[in-house]
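Per-chain residue numbering starts at 1, and chain names A, B, C and D are given in the order in which the chains are listed.
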Amino acid sequence: MDMSARVLIWTETAGTPVDADSAEVYPDGMEAVLAQALTQRGFDVETACLADSEHGLSEARLAATDVLIWWGHRQHEAVSDDVVRRVQRRVLDGMGFIALHSSHLAKAFLTLLGTGGTLRHRLAGKESAPMSERGETERLWLVAPGHPIAEGVSDQIELPQEEMYGEPFDIPEPDELVFISWFEGGEVFRSGCCWRRGRGRIFYFRPGHETFATYWSGEIQHILANAVRWAAPPHQTGNLLRTERVPYPPSPLKR
Amino acid sequence: MDMSARVLIWTETAGTPVDADSAEVYPDGMEAVLAQALTQRGFDVETACLADSEHGLSEARLAATDVLIWWGHRQHEAVSDDVVRRVQRRVLDGMGFIALHSSHLAKAFLTLLGTGGTLRHRLAGKESAPMSERGETERLWLVAPGHPIAEGVSDQIELPQEEMYGEPFDIPEPDELVFISWFEGGEVFRSGCCWRRGRGRIFYFRPGHETFATYWSGEIQHILANAVRWAAPPHQTGNLLRTERVPYPPSPLKR
Amino acid sequence: MDMSARVLIWTETAGTPVDADSAEVYPDGMEAVLAQALTQRGFDVETACLADSEHGLSEARLAATDVLIWWGHRQHEAVSDDVVRRVQRRVLDGMGFIALHSSHLAKAFLTLLGTGGTLRHRLAGKESAPMSERGETERLWLVAPGHPIAEGVSDQIELPQEEMYGEPFDIPEPDELVFISWFEGGEVFRSGCCWRRGRGRIFYFRPGHETFATYWSGEIQHILANAVRWAAPPHQTGNLLRTERVPYPPSPLKR
Amino acid sequence: MDMSARVLIWTETAGTPVDADSAEVYPDGMEAVLAQALTQRGFDVETACLADSEHGLSEARLAATDVLIWWGHRQHEAVSDDVVRRVQRRVLDGMGFIALHSSHLAKAFLTLLGTGGTLRHRLAGKESAPMSERGETERLWLVAPGHPIAEGVSDQIELPQEEMYGEPFDIPEPDELVFISWFEGGEVFRSGCCWRRGRGRIFYFRPGHETFATYWSGEIQHILANAVRWAAPPHQTGNLLRTERVPYPPSPLKR
């Protein structure tokens, strides 16, 4: 659990907002806010994006990554299957993987889980804009107070403006369920979900629509930092914890 | 999965409302409504209560019970520890156990789970009665659509008037989480939870405050019937499924 | 849980032994023995194989299948990715999936789980044939006596001659672990594993090397029949269990 | 994850062997070997025993304990129910609990799990002493290579002489299964099991019969040290990780 875990933040675009609507909130891209938040908390952070060679996810780069954070939305299909397999293998080998918000449909996430990742999205009514785009209040309720990702986190976090997601969410039963969201419009959602795959750990965290200021929140940043610590492979602890494999001592009874 | 599973419904009182406030909704006691609903669905139903000898839970009676449904509230401490141990042993031996609503603090439930069963209860404000007593809208969201307890159940069930319960709920992570509730007042709750203990199956189902008409709902009754089928031990299927333990045949390779 | 669940048994070859070594034990192919065993136990059984059009797994055929049993070994890579996706979608929609023995590396199995499926295989020593091919004693220990797949099954089943598999087995933690194997040569293996994915249920069952008489065993056949019943989707129960969605009754308190 | 976690080792006796047969292997008691091993690995270790006032488990002492290690065998019933409840409450509040070997029947362990904890113990044959007392080879197989308790641990650890335990083991399905044992005599056992209860973590570790030198093994000691780190509550990390609860920033969109 070294605080200098090497984090790679992957987004579809780099250095620019996801779209025009997102420009006011994340003028330099969401990854800029996330990277700053995690750097301030002591992690070694880099970014990668779709347009990079091999999407910025070469074998060498993944080998040098402890935790990969993924935020995708509109271009899931543009991610190469080869890269997806490479990410999967690296997770099975121990790399942490954190899927954010609309990454519930990211190929790498679904490949690791085996399900469809679909969820309920409330349709717009007669209003000019759907509530889900205008945003509504989300409350994150902590259901696993003893979980490392919940360390120092309030029982309840209120996000004044978020996009809603609703159950049923097509995921394997989480190994540990940390947060459940309540939405003003009437839905619930399993918003913080942990799974283990091979030697790797996976965390899905729901909040983070591109037009709302969620990732500027200190509490949300704190949760993400906890998630990085939780997901980082133990080799970060270095050799001190390794055993020297002392040969099993002869039983005194067998003298 | 015999529809004639033998069900025993346990309540603190029998044949009378839990209290004066409950009299209008359940004039003959909640168990009367539950018993009628399950009898109509083909089960063999009996009732027992605190005042009965051994609380109506003798060794012989438990041995003849496939699924025990428990609704307790004000008199958890009055249940004898010996009876609690007897119920626990019978569950470990295969009897199903369904804990309803305020039975989240029932001794038998907590003994089987090992946790405290505490939850969040919203405090009353300045109004003459707390919202939690006046009642508010609860929506049960189905999160495990393929689960037997969800068979034939809508994705969403709205109860116009219920008492709220909120997370964190001090339970072991459910083996299967079937329902999550949304409350008008802003909370969420794991409302349908499955666990296995020994050969037995346990289901906790949240709705069912004594002053609201929840157990008169056809959908709620349907869920409870599903839960009984799910929790009933497989010996109900009779001998047809049993193997005759045919001796392992000699391998043709060893002739 | 209709005993007439529609079972489709998939193997790489059809009507012929997997290879010459297998011919003495399964002269008409392993699927012949499996099909007979399940037909005798009341199921509606068909078979399909790699050489069939669409590998015998068209949309229509999968739609008419309740439980797909898969035995693959040498030709995992020959299975089309399109068919694999189709099987996955059908499982998420409710079809049961039973993966046997060397199908731990079948594409459809791995796609549903998200892991690598690798395991330990003991290397041959200096002897003319490896013990793993000559076969050794396997004991299946029941660890979940209350599980439906264990109904009527002994605590311990001894297979005099099987191929060994050893841990670590690269699978997600099973939702329910039913059997653990002990091998004469010194290994253990999680041999009966259950997972849920979407609305579907998955069972992995280890025994069944093509040169040993495992599938002729009455106890093994009984376990497979239990597994089919457990994995079959509940729609088999027909409309009788479906609710009529009675409108929630008006609360008497609100008169 | 502070290496100076405060560990309390509880045994039935203190400073003396469990019995005469144990005297050669653990002349100063098993707790002496365990305490030395954990002290050498940087933990702050104390011991307590049945004869101490309140069994050495006062409220104050438990409040100052991060991880309680329990080894009991012959005097489970002599432990006061009040102390058992106190230990349970402290675990729910965050203290780690490690149950060793014959503590599978310790009251505190069973109270936290809700099951009976029974297992298979092989009966002696015609020989003068049962194999289970003479001891036999146990192999611990690692099934969760990515688990923190497995950090730096071999895939396989051989203990030349141990007492056998066999399945079925009456425990709730572990949240994480880390080790499975193979026994020379033909049984298997879930030997390293993790559960969460409330804010606390529980680990059951099978090896450690009082007449065999198991706890002298460097690898076993290493596993126990890993288990202490895993089970220790996160408050050990101090205030550095705590958030300052920065107020959620106003959304730029709402200016």
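Here is the rule we go by: contacts are C-beta pairs under 8 Å (C-beta built on N, C-alpha and C of every residue); 3 or more make two chains touch, one makes a residue touch a chain.
Not measured: the values here are computed from a predicted model.
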By C-beta contact count, B-C versus C-D, the higher one is B-C
Whole-angstrom distance, CA centroid of chain B to CA centroid of chain C, is 32
Per the C-alpha centroid definition, the whole-Å distance linking chain C and chain D comes out as 35
Multi-chain contacts in chain C, i.e. residues touching at least two other chains, fall at 144-145, 173, 175-176, 196, 198
Among line, ring, star, complete and other, the chain contact graph is complete
Given the complex, residues on chain D that touch chain B span 88-89, 92, 111-116, 170, 172-173, 175, 195-198
Residue positions on chain B within touch of chain C in the complex are 1, 24-25, 94, 135, 144-146, 148, 151-154, 158-161, 175-176, 196, 198-201, 211-213, 216-219, 222, 225-226, 229, 233-234, 237, 241-254
In their shared complex, chain C is touched by residues of chain D numbered 120, 139, 141-145, 155, 166-169, 173, 176-177, 180-183, 186-188, 190
